[in-house]
Amino acid sequence: MIARKTLGFSGADLANILNEAALLAGRKRKAAVEMEDLDEAVDRIIAGLEKKNRVINPREKEIVAYNEAGHALVAAFTPGADEVHKISIIPRGIGALGYTQQLPTEDRYLMTRQELIGKIDVLLGGRMAENIVFGEISTGAHNDLHRATDIARAMVLEYGMGKTLGLSTYPRQNRPLFLSPEQSPLVGKECSEATAAKLDEEVKELIDERAAAVQELLSQNKALLEEIARELLQLEVMEAERFYEIIRGSATAQINLNAATVKSS
Amino acid sequence: MIARKTLGFSGADLANILNEAALLAGRKRKAAVEMEDLDEAVDRIIAGLEKKNRVINPREKEIVAYNEAGHALVAAFTPGADEVHKISIIPRGIGALGYTQQLPTEDRYLMTRQELIGKIDVLLGGRMAENIVFGEISTGAHNDLHRATDIARAMVLEYGMGKTLGLSTYPRQNRPLFLSPEQSPLVGKECSEATAAKLDEEVKELIDERAAAVQELLSQNKALLEEIARELLQLEVMEAERFYEIIRGSATAQINLNAATVKSS
Amino acid sequence: MIARKTLGFSGADLANILNEAALLAGRKRKAAVEMEDLDEAVDRIIAGLEKKNRVINPREKEIVAYNEAGHALVAAFTPGADEVHKISIIPRGIGALGYTQQLPTEDRYLMTRQELIGKIDVLLGGRMAENIVFGEISTGAHNDLHRATDIARAMVLEYGMGKTLGLSTYPRQNRPLFLSPEQSPLVGKECSEATAAKLDEEVKELIDERAAAVQELLSQNKALLEEIARELLQLEVMEAERFYEIIRGSATAQINLNAATVKSS
Amino acid sequence: MIARKTLGFSGADLANILNEAALLAGRKRKAAVEMEDLDEAVDRIIAGLEKKNRVINPREKEIVAYNEAGHALVAAFTPGADEVHKISIIPRGIGALGYTQQLPTEDRYLMTRQELIGKIDVLLGGRMAENIVFGEISTGAHNDLHRATDIARAMVLEYGMGKTLGLSTYPRQNRPLFLSPEQSPLVGKECSEATAAKLDEEVKELIDERAAAVQELLSQNKALLEEIARELLQLEVMEAERFYEIIRGSATAQINLNAATVKSS
Amino acid sequence: MIARKTLGFSGADLANILNEAALLAGRKRKAAVEMEDLDEAVDRIIAGLEKKNRVINPREKEIVAYNEAGHALVAAFTPGADEVHKISIIPRGIGALGYTQQLPTEDRYLMTRQELIGKIDVLLGGRMAENIVFGEISTGAHNDLHRATDIARAMVLEYGMGKTLGLSTYPRQNRPLFLSPEQSPLVGKECSEATAAKLDEEVKELIDERAAAVQELLSQNKALLEEIARELLQLEVMEAERFYEIIRGSATAQINLNAATVKSS
Amino acid sequence: MIARKTLGFSGADLANILNEAALLAGRKRKAAVEMEDLDEAVDRIIAGLEKKNRVINPREKEIVAYNEAGHALVAAFTPGADEVHKISIIPRGIGALGYTQQLPTEDRYLMTRQELIGKIDVLLGGRMAENIVFGEISTGAHNDLHRATDIARAMVLEYGMGKTLGLSTYPRQNRPLFLSPEQSPLVGKECSEATAAKLDEEVKELIDERAAAVQELLSQNKALLEEIARELLQLEVMEAERFYEIIRGSATAQINLNAATVKSS
């Protein structure tokens, strides 16, 4: 379990986590480090310290809960998407109001077009949930939108998966090859203005098309979305078992799940 | 009260304010720091020292008063806008001829589209008041216009709230995430010229549309606007109680207030 | 009088002027500093040392005289423009062949659209006078044209007073807020090419329109313009009293003055 | 054999390889350095250390195998392409999941248009194989696409082999003359936008045209492609002898080989 | 005479010239510095040392002679152009193959449009003479073309003398105000592309129009042009007296001179 | 002879050559430096050390021979082109596979349009020869294409010899005035995009037009081209005497030579 949560971690990262877990266990005067200490240690390394005393107003808390429920639900219905491990709306670190942790089942070196589309869908899940439930949108999803746009640009510019450039590429320089798009620089304008204009258009269309698909998926599962968000508002943290339990308990979800699987395979 | 006026202040800022208040109380040979000392200390930290000996001609004073009355009145009629705490036309610090202090009721981490529009409206309130009352405009509102434009750009470029980019984004780099747009750098031209042209057009249209809405709101409440501005010219500082008292005393305002509330909810 | 000539001067500037005046009075072996010493001291600080031994050919001297007469006359006929204090065609400092000194009546913090237009008109007065009288133009007005263009750009880009951007803005960075446009950097091209093209067009049209208005004003007062310029060529310096005396002595001027006042109020 | 594998190597590189081979032989307690030690030493220098303990999932392993089989097969069918020496899907160094080693038969100083096209074809072989076999594409070929695009750009911009510029050129500065395109900077936009737009179009069309040709070639040899990929999945490394043995054993391949030779001569 | 040749020289420059003249007189063992020593000293300062041992082939020498004769003749026929003082085809300094020295009659602080056009005409005189006489052109005039273009650009961009910008300006930064265009930086592209395109067109048209006028002027005086060039080839240096003597001796020149004077007044 | 081969060399360069020649003579244990030593010394300074042990494959050797034969033949048939002194296909220095040495007959300070065109033609001779003989092109001519393009650009941008700019110029900064284009920076885009687009077009057309003319010239002298290339492949170095002997021995060449002379005079 720890191994799956820490894919891509260096030896030093792992040592760091064990250290942290030992400290946590020590503080609770345990004789040994337990699984929950390790789990909390991983969360601290990934998302920062819990900020339980950060007071967030109920309306914002609700927006956050629906954003996270949206991400998680899309992940559950997207074939090939990494499994949901934990959903949390306890603020952590700087600026993070909530997060949905997905567990990759193994180290990955390649991504198929379908998997990249799946990543975009999961990222768009937060905003679309907000849109459906509140009929109003907030700044809460802006980081997700940036990441989704970044993947869409990489598909067209670097991976030869778009119409504008076909198989010709404009690789972005000084950018780590694999996908960690949060901090990546925007593509400069090495290509011509004419190409850049088509590119902007193609990326916008791809994102819009995925947003529509995600909107439909979540609309069809609105009851489930609300059930998860409501419970999340009470619990603040939802583990994988409970999350999948709710989904399995839903008659409609089963149907949609199959439909989605069929659609994308 | 102090807590609400100092949302987002660091511990050091608060220490600073208490120090300042103690000095102010000391200068007046008081035995203890009183609320008015704390209030003045907060104003000094936010807007700089009062410059009472700065002589401003009556015409400019009048323009400033109508600008501030415009901001305050739009804030009062905009659902979700922060409450007006104080309006002042005593010059402070460098270049500030007047200011309208709004009190957020709590720390905020997200902003809805409606709230961002509300912020734009309040910012445009000064210029539109000037326009309605004098039929002539001045450079006095240029900083407000910059801030309103900045919010509009962020909505389209970063928050996925516009038509030009849809949900795809062009986040501005090196820019603090949350809204403190006064000092923020302009968006560079990472996007294509075609997109940049559409963007300029969309931002202009959004600002124009909000200006028209604010113009209508203030036109309908012109009597109230003039009452507040006239009293502000006499008092130089108007506290929240008096401000809301005037509004509540106005028959037309009640009607407009409801209308506005209805319109935006 | 000294206070009005030195609006915006710092305490150090004022000390500087008094020092200079004392030196001037001392050189003339006066027992006390007199008004004329203070006046000369202010001129030295603003425009540099007189360069009486700089030989300028009569044709150029004539061009300079008509440029200055043009500025002064437009100022006299522009409602709200600062009063003319002195006109000089004695070269001063580096490159200044003549200057028209206007006296603001007070410190100013805001400028209305009408006042900005008035500033443009006064700046264009020199070139248009040259044009009318000689039917030929020179490089003499190029600094005035730069300043007039700069004000026009600021109106459209920063003050929300144009059609291209409406109330949206593209503030120029690293530029002092208030108007001292001589040394200000040109606007970069943060906006889109499409917007920049419209902007160039709008600024050109505004300047062209003002130039036509100024040309008409000066054409109607050509006799007065020539009278002032001719006397200026003889005297080299014309004080406010004499300047307004000539204007008041002109029948046509009275008419135009009123007409202009009516037009702009 | 070693000489052919190390064309373009410096004396220091060769010394390095012999050193490495001696170490490898020593570790195996051999009395003398044998050919296999030299071979492994060359691979280590070119592609980095074998990362046998890097666990790659079967699906990715399959994608890698088809990519490499695609490169090798296109190389075998492209007249003038360097001979295939070894195909490997053992991960090496940082990020390399597999590689196809081609042996140039001699040092080269010039490249004909036909040979450059051949290089593009071999590079596209991986992606097209993936496309044909899985009907889905991955990020695995993105480095090949970059290199192919780079050659196509060089043909049009630097070698006078395109339509957009004819024999006029826009050489890319600070770029080593001969082809080692992996690390080369993108062409800046010294040329006009109109030319850059045509250039983007021409490069895209050239790559698209070659992709179609390679797709056809591999489709016609799909059985062979699958045979090589399947065996490669088992062996992990395939030497030249076995590779050409499989090809010679295939009836259809002989036919295609001739056809291809005829087509390009 | 020395004063007129050294307009704009600093005191240090003048001291330099006298020093140089004393050295030249000393080398010739004269008891006193004579006018010819001063004259040669000025030439050395302005154009560098004579390079009499630089061998230039007769064809190039002829091209140079016609270039200089062209400059001088256009200067003689252009009303308001500075008087020709000396024409030389002895190479001097680095790269200068010949030069035509004009003597301004006084320090100048302004230039009229007509005078700027005159400067362009004189600069174009060299190339047009070459064109008329040889029916072939050389690189010899490229520096003159640069200077003429620079004046034309300044007229349109800085002096409000063009159609593209009218009286609005795009002053070139970091550029000395008065005309010394040889070393001045090209205008950047602060203006919009649309304006820049119109600007390029307007400058080209202005230069083309002047080139046609100069071509016509020199064609009408071809006999005179050839007489001057031929004598210059023999003498290598032609003083003002001889130059104007030849012109006055020509019947056609008198006519053209008048015509030209009439045309431009 | 040495003087003609070393036009433009500094005194230090000449001292360098004599030193090198003395060393060469010494190595051969000669009593005195002979002409062949001086000749080799000049070659070493210009093109680098001979790299006789660099093994070039026969196909590439043939391409190189035809490239050099093409340059030399075009030079021989181009009126005003510098005389051919030596043709070599022995690799020298870094990257040079062959070279054709032309001997200017004197120092030059100016170039006529015709001479610049001649330089372009000689540069294009290599590629066109390759094209005619092999019906296939290589990267071998890319440096020649760069130099030819550079001259064509200079003609249009700097020398007032093109249609796009007419006599107006866009001089390239920081670029030595006379023609040594190998290392010169590309022109930046100081001009407008519209002008840059026309410029790209004009340069392409000029190069295309010259390429067609050179193709025709070489096609008419294909027998001669092949004779020279074949002998060059045997000898590796061909001196001027032998080169012109072959040309004079060809009946067709005489005819073409005259025709070419007639055409360009």
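Lettered A, B, C, D, E and F in written order, each chain numbered from 1.
Note that a contact is a pair of C-beta atoms (placed from the backbone, for glycine too) under 8 Å apart; a residue touches a chain by one contact, two chains touch by 3 or more.
Here the structure is a predicted model, which means the values were calculated and not measured.
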For chain A and chain B, which third chains touch each of them?
none
From chain B, how many touching-chain steps at minimum until you land on chain E?
2
For chain A and chain E, what is the smallest step count along a path of chains that touch one another?
3
Farthest chain from chain C, comparing Cα centres?
D
Which angle of rotation, from 0 to 180°, maps the CA atoms of chain B onto the equivalent atoms of chain C, to the nearest 5?
60
Using mean CA coordinates as chain centres, what's the chain C-chain F distance in Å?
62
As a quick test, compute the distance in whole Å between the mean CA positions of chain A and chain D.
36
Where the CA atoms of chain C average out and where those of chain D average out, how many Å apart are those spots?
72
Of all residues in chain E, which are in touch with two or more distinct other chains?
189, 193
Are the chains arranged, by touching, as a line, ring, star, complete graph, or other?
ring
If you start at chain E and step next to chain F, which chains follow, in turn, all the way round the ring?
E, F, D, A, B, C
Give the list of chain E residues in touch with chain F in this complex.
54-57, 60, 63-64, 95, 97, 124, 127, 136-142, 145-146, 148-149, 152, 185-189, 193, 196-197, 199-200, 203-204, 207-208, 211
Mind pulling up the chain E residues that touch chain C in the complex?
106-114, 116, 158-161, 165-171, 173, 177, 189-195
